[in-house]
Amino acid sequence: MTQLYAVRMDVALPPDMDPAARDDLLAREKAYSQRWQRSGHWPHIWRCVGQYANLSVFAVDSNEQLHQILWGLPLFPYMSITVTPLAAHPSDIAQDPAQDGTAHDPAQDGTTAADASSD
Amino acid sequence: MTQLYAVRMDVALPPDMDPAARDDLLAREKAYSQRWQRSGHWPHIWRCVGQYANLSVFAVDSNEQLHQILWGLPLFPYMSITVTPLAAHPSDIAQDPAQDGTAHDPAQDGTTAADASSD
Amino acid sequence: MTQLYAVRMDVALPPDMDPAARDDLLAREKAYSQRWQRSGHWPHIWRCVGQYANLSVFAVDSNEQLHQILWGLPLFPYMSITVTPLAAHPSDIAQDPAQDGTAHDPAQDGTTAADASSD
Amino acid sequence: MTQLYAVRMDVALPPDMDPAARDDLLAREKAYSQRWQRSGHWPHIWRCVGQYANLSVFAVDSNEQLHQILWGLPLFPYMSITVTPLAAHPSDIAQDPAQDGTAHDPAQDGTTAADASSD
Amino acid sequence: MTQLYAVRMDVALPPDMDPAARDDLLAREKAYSQRWQRSGHWPHIWRCVGQYANLSVFAVDSNEQLHQILWGLPLFPYMSITVTPLAAHPSDIAQDPAQDGTAHDPAQDGTTAADASSD
Amino acid sequence: MTQLYAVRMDVALPPDMDPAARDDLLAREKAYSQRWQRSGHWPHIWRCVGQYANLSVFAVDSNEQLHQILWGLPLFPYMSITVTPLAAHPSDIAQDPAQDGTAHDPAQDGTTAADASSD
Amino acid sequence: MTQLYAVRMDVALPPDMDPAARDDLLAREKAYSQRWQRSGHWPHIWRCVGQYANLSVFAVDSNEQLHQILWGLPLFPYMSITVTPLAAHPSDIAQDPAQDGTAHDPAQDGTTAADASSD
Amino acid sequence: MTQLYAVRMDVALPPDMDPAARDDLLAREKAYSQRWQRSGHWPHIWRCVGQYANLSVFAVDSNEQLHQILWGLPLFPYMSITVTPLAAHPSDIAQDPAQDGTAHDPAQDGTTAADASSD
Amino acid sequence: MTQLYAVRMDVALPPDMDPAARDDLLAREKAYSQRWQRSGHWPHIWRCVGQYANLSVFAVDSNEQLHQILWGLPLFPYMSITVTPLAAHPSDIAQDPAQDGTAHDPAQDGTTAADASSD
Amino acid sequence: MTQLYAVRMDVALPPDMDPAARDDLLAREKAYSQRWQRSGHWPHIWRCVGQYANLSVFAVDSNEQLHQILWGLPLFPYMSITVTPLAAHPSDIAQDPAQDGTAHDPAQDGTTAADASSD
């Protein structure tokens, strides 16, 4: 089952990094990122305006897979990363029709059902 | 020109709110949100796991339009909101081919061109 | 596939809450928590010393399931919750033997393999 | 359509930077900034008292253009930047007469109209 | 001598405020703000997108006058305010020609003069 | 008497560390960690997804023993560590039956007994 | 084995609390605190200057006992509490002679011994 | 008109700074500070106990002058500075008699007058 | 021996406080403050611009006396207070001549003497 | 008159410090600390578990003396220090009998006396 995560990555490269090493690192980062984008597991990547940072969305099989992807980033040692697990929102127009069949766990009582249709 | 913004909304309703008023408020919030989703200006809305919060992406014409949409949310008085303006990321596989034509401003020199293909 | 999450829940009940309503709420919380513990999805719950708070570990199928469980907590409207997705640690003695077979994704190169055995 | 953003830039140069490299960097920063000021896209720049920092206002066509300007700053690698998107304020005496014609979006109902005239 | 200050005001009105009292308060706030805008002491007021907040610039004679204006705001008891004193920026194209005559204080040595033309 | 502590360790190695020294350091860290895991004093270690960090649980005799273990970590000089002392949770299904015999201290009055059965 | 913890308690009573209820609460708090002080488990309590707060040191058998004491405080629902587990300091003149016999755990190697005599 | 500002300066010198360069820097800082103290513009300077920091009060003509003084500090590149603009306090026994004549601005109504005599 | 402390007090009165009770409270606060000012123990009180807050300096005999003064403030239950103990600054022109006689404690070695004349 | 202060010191030594210089520094720190402990001015020093940090209590004559002791610490340039002035707590069983004679200041009225016996 595919799951979504919002991931923000802030990059801090040392200003005095060797230019050739920097170029090589950034080329590897770009190629790595684009391979994962083409695989379908990294559907969104946006630049945060005015920041050396991106906000991305990942669609992966598990926490494990997400960690393997992030850990393997060539820029990982220079990044500060925050991970926000995402779920479907009950007001999402794409989710609305399927909403009645999502929950068969032991704790599901009326409270959960009522909440599920709220904001 | 359409622009993207990431918006996180954290909701804090008073626990002792009148249930009928609460239901009415949430019904209006849902209808309002879905009208904007159908208009194409609110393309993504996700629930943040374990939070009464959502992470959304808006595609709007201007800062003004984004503010009007957020200000009009029925839950606005109960929300804490953060707004992150987004731009295309140079490593985005959807942006890559079109990248050579984006910049005709006076300050654009070689540094910008080199940076645009990095990270 | 089962996934792990660390979840910290801080509770803030209004000091002047009606005692009977408070007792009822806490009884429902306890029953709800214990149903999920018996299901195997909530394997650990500890009290944080000196806090009205707990640190828990959840073992669930997905982000969605974790959100449904947390959203359904009777104390949810009174809680501040933080969620940390977990993965296997390469130094975990329970994980070590199985480590060579975890990764078949397109981005997996030598760097990832080397990192997987570190720290 | 022109949009406004407040941008604060905090500068942290290494104290032991080579003086000639520092002078060259600052000269390029000043020239870059003044080119953008003369273009009309950087209408305000103020020094924050007692800080190596400025508060600026930008008037640009889009999030993209703002990012290109900031990313191209010669001091960008030494800066910490915060961006606040701005909109017209309903109490602004310059905005007041034009206020009745700003909103034709699907979600605009009475609530928005009432709010638009408040603080 | 006129001095500039950036002031951010975040408003938090109780959601259950009496509507008539709220309307009256906001009408008084708007009239008060516009009187000061017309006096020339409050040259800029912008809405922060997605926030019940404004960013303003004040041009006043003294710290005292700024405090009297802010303290007198009808919304003052509901606001959280931050004040940033501003000075001319040496790269400001409006300041550049006049820059050579600003400093006659005892501590002004070569260092200050060199710094004044930087960043 | 064995006591539990949650410990989060965030690692920050200098990116330009000598690779052989780094490999040696990480090998010693792994061996040290696994010795303590096999002793039964370090029952859980998980990777925090997307972070060079782990969340661990320690079961030790005392504050002293926990400090000796953490202080001795080969990576200690590169770590930022937070320690949360844990106690049994009254809703824990493993603790429930034994709960009536835990408290014989002078301050134990009815309030404590009532609280002990709540969340 | 007795263990030490530093505990800071910040109190926030509602200013409009009924005076008789407040007096009763504070009398019970004082009696509770003094019973534990006389038991030897609460050896230090100091007022933090200018704060409705105290800094205390507890000497208890376990995390469990500390939690039971704190949870039972009549003011607990009005307090924000931080707990810092303490260990002997290698430079403490009371600890110095006994220092050579503290460690018999599997991970204790030369590094630990060297560290134990530092700072 | 003279205005007051509270300024806190925290100093962070690199521990491995060349001792002669450090001595020279500190000698220049002291001379610079004492010149401004003798001019009457820097009436108070106190050491913050246990910190490499001072809390100072400046009495200057304008924001501009304060910035020129701070920017010129030899230690400026090593300092983190916070600036708090000050005004007369209505309860100050030195201000009380003169209080009735401070305000002739357009927005001054009864509310301001009433507030001016409160804490 | 008289000692100095910087104290910042931020006031948060409930906006819906009874006006007569508020006036009485503020009158008592003002009288209390002025009694201590006249005693010489509260030599400075300034309003922080744009804040319901003051920055004060106290000259008292001890921590105890400072606490008694602050605890007795009629507004104490509505205040958030920070206390910074102050010492003489070695660059203070009023302290300089007397500096050679301040220290006769066992730990005073050459390092302290050298430091005492710096920054 | 002796006064108490709680002081927390967090140490951050560069990991690549020369081992002999580090040993010498730590030996001087230990000797310095123990001299002050033997003088009676540094009655408590505890290690914070899992941290390169200590929590100490100082009993000194004045703010000045405390600053001289801390400033003279050989590790001072590598420490981040927080200072909390302490006073006697009215619930302290050692303070209770002497409590009726502590206050002869002009502002001491019934309110202070009542507060002095509360938590």
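By written order: A, B, C, D, E, F, G, H, I and J. Residues from 1 in each chain.
Heads up, the rule we're going with is that contacts are C-beta pairs under 8 Å (C-beta built on N, C-alpha and C of every residue); 3 or more make two chains touch, one makes a residue touch a chain.
All values derive from a computational prediction rather than experimental measurement.
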| item | value |
| --- | --- |
| Topological distance between chain E and chain F, in contact steps | 3 |
| Which listed pair, G-I, B-D or G-J, duplicates the contacts of D-H in over half of its pairs | G-I |
| Selected pair, greater C-beta contact count between G-J and C-G | G-J |
| Computed distance of Cα centres, chain I from chain F, in Å | 41 |
| Whole-Å separation of chain centres (CA-atom averages), chain A against chain J | 46 |
| Of all residues in chain B, the ones touching two or more other chains | 4, 38, 47, 49-50, 63, 66-67, 71, 83, 85-88 |
| Every chain pair in contact, whichever chains are involved | A-B, A-C, A-D, A-F, B-C, B-D, B-E, C-F, C-G, D-E, D-H, E-H, E-I, F-G, F-J, G-I, G-J, H-I, H-J, I-J |
| Residue ranges of chain C touching chain F (in the complex, touch as defined) | 4, 6, 11, 23, 26, 29-30, 33-34, 37-38, 45-50, 54-55, 75, 84-93, 96, 117-119 |
| Chain J-facing residues of chain H, complex | 13, 15, 47, 49-52 |
| Contact footprint of chain A on chain D as seen in their complex | 7, 14, 63, 66-67, 70-71, 76-78, 81-83 |
| Sites on chain C touched by chain A in the complex | 1, 3-5, 32, 35-36, 38-39, 41, 61-69, 71-72, 74, 83, 85-88, 102-103, 105-109, 111-112, 115-116 |
